[in-house]
């Protein structure tokens, strides 16, 4: 996918360590210091919340914790802001928007 | 002078809106004035309850049952406009003593024709799977309903205007037109309005307005906080409250009282009530009230512990010392009528109140005897107790 | 009790909310004037949005590339850390204030973690003073202080546009925050649109990080600056910044299109392109100027900024409408609000950028620490920055005709999915003429964000075509009795009633 996707752990000056998350049950690589939203976007995943009325996809919007559009379940804690939560190795992330196979790598 | 009308309604909350709506149905010409916008007072700061379960036996229960019939009858075609939900209420007892009291109340209520059904431990859990393990049993009231109260008031005003009623927002009443004792209209910054009947539907401010007309209608504010949670999938299916709630409703204690009332809304948010305090129009947020709400609610539904509150609001219930509303003609000031002081039951009682008052103003004999609610029960005009004036926000 | 413990009470002379340019400056100034300072910030490390940088646990010594005023940050940060080591600043990161209270003792701040605590962090120790950033979020707690400096900053102001609820559409500042915080971009091909000079650093940052900026669409025109050149000349560093951006734009061949807007986001389940058009001075679309950008990953929007006003409003501070139409707090020359002991600095006194925020923070912090008049040199620098900001607001207004861009089914309130037609119907048939009644009748502003994103637009729509939201409407929209979501369990365990 994008250069950013592979570049997550290879940014100049950044660490080369990789973490593994589980997103909707599947393993996903991430780099230390990324936000959950950053890790998902690096894999081309742009939507993980489903709206209540229209079941529409939502992901990052304001990026700074104001809009609550990017809500996600982190290690069982519901409705966490993906833009604020920093990834940790082994973190379980569950969205409410069904992911199509082609959306991920 | 503006054009004269048969009826001039002051206040476009849910009571004024219902009164205007039914007066127009009677064929009367109606003008409605509000100092702000529709539903900007207590109607916008409550939970929208239409309850049978918590009513004292006597005139209040009679009015409740009549009003319920109006909601399901005259107003049934509009139910969708205001999210009418026949969700039913459940009273929960968590102690043997309160369970015994609840059973006594149920027996009496059944005698008065209230539809109530006992729920044992298992039946309670079938009805509300997430109820506390401590809950021993309960009573189910299938007649209890809920509406979105701001939409009720706003749509009744809209329907009334479509039926020819004149509505003026941001038009505060500053005085009354008199002819001797008789009230013949009102003064406003937009000029005078003459009317055959002037109806005081100003809720918490009704005492103040009555004082302007020289009569004592002792309506006072009783503050209540409601907490709103994040939107959730359906977890609470009825209006669920604790047996102690009924005692608080009828209490005159000035201190902070609270008893859990938990219910979900069509938007997915759970509303958590209730507190009652007599602190005048104090709008400062009370951490003790919030803590009480939170503790009571988690005792009833433990899962709420991890649920987030996203806002809270408070309103001022308009109450009279005898906990009965003031509905009818004020013989002390002929031409002046009142419909106020419904305390925490104004939404539920509005439909019946409006219809009965319209019948009386139109010269008919009302379907229900209004004499228990007569304004003159507060005696001669001495000692009007004006509450200090404040804009309503919530 | 120690900081960071659930239910703990911290006592300080001065509490500062926010650790961005204004908050850092206020904390440093108050500490250096001898006060014991408690700093509450939602972020996990100092810097706020403007100086947001990658976690110091991963990049311990950020070089400040992509930042402006980084030297100012490094200076403030060194003084901040030194004051922490002296025990004069108690730093409480990862906390949001859900309720501020004014009482006889001064101010009480009730806080809640911005991010849920991980189970593994429950036993974690506190960050030793001066070691750098905080180690993740602290537990909820209460801060009591005689004086309070609020520096909560702001966020991008938004106008709804058809399709803006699609994934891939972000706040312009959200793209920048993503880049600053992650060191990567949220996509490959970008369009940045809206109005104001802030669009420039966003686009430049994207390009320098390797993204492709297909266009920057600015609704205003450079000619709008002509009447304000005197004000602009008063702040020469802004001209330098402008020259830097021009160079970046030229190097990366970024098209900068003025009097241009995005009229629609294209795409089914995510943004894939945009429709654009030229507009006249009022923002009306000029027929025949429509265009399309295909193959767009990310669309960034910013229409100026909205100051975070819920805390000043909750404490009853007097407010006014600023030149940009935002609700802001009224302060005196010492940055003190109408509430004695409550100081405001940064965007909540008027959107004016980081340099001004630092000056205001220094003034507010010093004044909150001791009764001190504002520094004359600072005051004159602040005046020049404010003149510049006002000129900027006049040159980059929200286009008067923006409501005409909406279609009936355009989402206005993203949280509750309320459309433009639902709002105009409530306005026209139910008399919803302010944001408060609109909220009651349509649920616009009732969701998770409590109207932070749609509040301005909804207030304008309630007021009517070509009318901006009134101060009353914005003030009602900013009344958020809970400044942040807080769990019922935390409320149940509140210890005191002050």
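Lettered A, B and C in written order, each chain numbered from 1.
In the analysis below, contacts are C-beta pairs under 8 Å (C-beta built on N, C-alpha and C of every residue); 3 or more make two chains touch, one makes a residue touch a chain.
What you are looking at is a predicted structure, and each value in this text was computed from that prediction instead of being measured.
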Pair of chains ranked first by number of touching C-beta pairs: A-C
Chain at maximum distance from subunit A, centres defined as averaged CA atoms: B
Chain centroid nearest the full-protein CA centroid: C
Mean-CA-position distance for subunit C and subunit A (Å): 23
Subunit A and subunit B, separation of their C-alpha mean positions in angstrom: 47
Centre distance in Å when subunit B and subunit C are each reduced to the mean of their C-alpha atoms: 40
Interface hub residues of subunit C, defined as touching at least two other chains: 416, 447-448, 485
Two or more partner chains touched - positions in subunit B: 230-231, 306, 308
Residue numbers of subunit A (touch at least two other chains): 52, 79
Of all residues in subunit C, those that touch subunit A in their complex: 42, 44, 49, 54-55, 57-59, 63, 114-116, 118-120, 136, 155-156, 165-171, 173-178, 181-188, 210, 269-270, 297, 308, 414-417, 447-449, 452-453, 485
Of subunit C, residues touching subunit B in the complex: 99, 101, 110, 416, 426, 429-434, 436-437, 440-441, 443, 446-448, 450, 476, 479-482, 485-489, 491-492, 494, 496-498
Touching residues (chain side subunit B, partner subunit C) in the complex: 37-40, 44, 150-151, 154-155, 157-158, 167, 169, 227, 229-231, 267, 269, 272, 285-288, 290-291, 293-295, 297-298, 304-313, 393
Contacting residues of subunit A [partner subunit C, same complex]: 2-4, 7-8, 11, 13-15, 31-35, 37-38, 41-42, 46-47, 51-54, 56-69, 71, 74-75, 77, 79-81, 83-86, 88
Residues of subunit B defined as touching subunit A within the complex: 230-231, 268, 306, 308
